[in-house]
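Please go over the structures that come below.
Look at the two complexes coming up: subunit A is in both, with subunit B in one and subunit C in the other.
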Partner chain A sequence: MNLAELEKGQSIGTREIPVTRADLVRYAGASGDLNPIHWNERFARAVGLPGVIAHGMFTMGAAVQLVVDWAGDPGAILDYQTRFTKPVPVPDAEGAGSPETGGSVVTVSGKIAALDAEASTVRVDLAVTAPDEAGKDQKVLVKAQAVVRL
Partner chain B sequence: MNLAELEKGQSIGTREIPVTRADLVRYAGASGDLNPIHWNERFARAVGLPGVIAHGMFTMGAAVQLVVDWAGDPGAILDYQTRFTKPVPVPDAEGAGSPETGGSVVTVSGKIAALDAEASTVRVDLAVTAPDEAGKDQKVLVKAQAVVRL
Partner chain C sequence: MPASPSLAEDLAGRVYADAPVYSVSREKIREFARAVKAQAPAHHDVDAARALGHADLVAPPTFAIVVAQAADAQLIQDPTAGIDFSRVVHADQRFTHHRPIVAGDELSATVHVDAVRSLGAGAMITTREEIADAAGEPVATAVSSLLVRGGEEE
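And then the complex of A and B:
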């Protein structure tokens, strides 16, 4: 990829990332973050959440994969930061006999927000949304910005 | 520990092992066994279980710790086998405001079942029980036998 071929405002693509409770259980074990808000509906509601929510770092990590794949190398991501604005509720599947699916879908799209020819880097800004408990899409990360070395 | 000091029928002790859903989430991640029967109440009931149950291998592993501590060395366990007879239901905590505790208690006791002076080994048989969904203690492992090198 050549900096000269890129321009500000250019899209690097869009991706839909399914998130299930099984993903959160796996992430809880991998991260060591066993906070029950990420796997226990009763507990999550008791502390005022709409239900089980994804780990913020899970969402952040899942979202940047779009940039990693675009850059072709995880090591090319020099900097990545974001603010967590809204939770990502991850509903259970419904119905007593239904298989274990349910879940949510996080939608990520990225665009070139700045180019630095001298440093040979670009900044990719991500728009990251997921449905809230009423099904309305919300920005779940803001100022999600990755600096990529070309 | 000296084989001559041990005799058949002798107790190596008893232990109560608390098991919570957080333990199962941790174990799911560590083992890679993400079967929802170990963390999803709805799913567990849908497949005919009394609720979320512990991983059999979790119970088996937790139970043998009594023998490991008695032997003083995990490497001294030469052989360990069991049959899984009853599930270990692990209830959620109760009440909307309650902290994330709940859970079950597995009770393990061990006794010397056989001595082999020539091989310098003993066989420890474990009795492993846990309350069923009605609160009645059940044998959850049978023929749980560990061969220990002295």
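And then the complex of A and C:
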């Protein structure tokens, strides 16, 4: 990829990331973050949440994959930051459905926000949304920015 | 005045440097990559990682959170710090990679409490984990803001 061919405001694409209860258990195990708000409905409600919610770090980690696949090298992500603004509720599967089904969908889209020819880097800003418990789309990550070396 | 009734008044400025060394394995990179739905071949296939010039499998960009949070246990579990982890909400996160984390790395993380400020009945704690390799060279810097919710107003 050539920096000269890129321009500010250009889209790098959009992606929908399904997230199920099974995904949250996998993330809990892989990350070591075993907080029960991410897998136990009773516990999540007892602390005032609408139900089980995704780990903020799951959403942050999955959202950047759009940038990684665009850049072609995970090692090209020099800096990545976000604020966690709203939880992502992850409902259980309907009825007797497998925990690999149901859940929610996080939508990620990215655009080039800045180019630095001298450093040979671009900054990609991500818009990351997911439905709240009422089904209304919310910005779940804000100021999600990745600096990529080209 | 302390930022929150339970937090130590001298929390800001504390440094925790005794976390055990974290050994990065290929299988942990693959497991973490699957967990964040990362499909780049450089996370899974050693030849693909080497073709990009990396020494071994490359960790996903947010993998450093595993190393950082393991080191944070020293702070969270320090009874003199006074942090009630059940009241902690992750407010923001940043990773700066000085070089990619790869399988085979032996990483040490030092936790710095950079700031503590009052926020209503609670407090916002900013921590910074400096992650270095076995040679002492910087690998990644992770900065987290943790909101410790106040106890009375809900």
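Operating definition for what follows: the second predicted complex is superposed on the first by the 145 of 150 C-alpha atoms of A that agree within 3 Å, B and C clash if a C-alpha of one lies under 4 Å from a C-alpha of the other, contacts with A are read in each partner's own complex, and residues count from 1 in each chain.
We adopt the following convention: contacts are C-beta pairs under 8 Å (C-beta built on N, C-alpha and C of every residue); 3 or more make two chains touch, one makes a residue touch a chain.
Predicted, not measured: the structure shown is a model, and the values here were computed from it.
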>> For the combined arrangement obtained by superposing on subunit A, do subunit B and subunit C clash, or do they fit?
In response: fit
>> Which partner chains sit in contact with A:A30 here, subunit B, subunit C, both or neither? Use first/second/both/neither.
In response: both
> Is A:F43 in contact with subunit B, with subunit C, with both, or with neither (first, second, both, neither)?
Replying inline: first
> Which partner does A:L6 contact after superposing on A: first (subunit B), second (subunit C), both, neither?
Replying inline: neither
>> By residue count, which of the two partners contacts subunit A more extensively, subunit B or subunit C?
In response: C
> Just subunit B (first), just subunit C (second), both, or neither: which does A:L150 touch?
Replying inline: neither
>> Which partner chains sit in contact with A:I17 here, subunit B, subunit C, both or neither? Use first/second/both/neither.
In response: second
>> Tell me the contact category for A:A93 with respect to subunit B and subunit C: first, second, both or neither.
In response: first
> Should A:I112 be classified as contacting the first partner (subunit B), the second (subunit C), both, or neither?
Replying inline: neither
> subunit B and subunit C, closest CA-CA distance after overlay, in Å?
Replying inline: 9
>> With the touch criterion stated at the top, can you tell me which subunit A residues are shared between the subunit B interface and the subunit C interface?
In response: 26-27, 29-30
>> Under the definition above, what is the set of subunit A residues touching subunit C in their complex?
In response: 17, 23, 26-27, 29-33, 47-48, 56-58, 60-62, 64-65, 68-69, 72-75, 77-84, 143, 146
>> So in the complex, the part of subunit B that touches subunit A is made up of which residues?
In response: 21-22, 25-30, 34, 36, 39-40, 42-43, 45-46, 92-93, 96-98, 100
> Okay, in this complex, where on subunit C does subunit A touch?
Replying inline: 28, 31-32, 34-40, 42-43, 52, 54, 58-62, 65-66, 69-70, 86, 89-97, 99-100, 143, 154
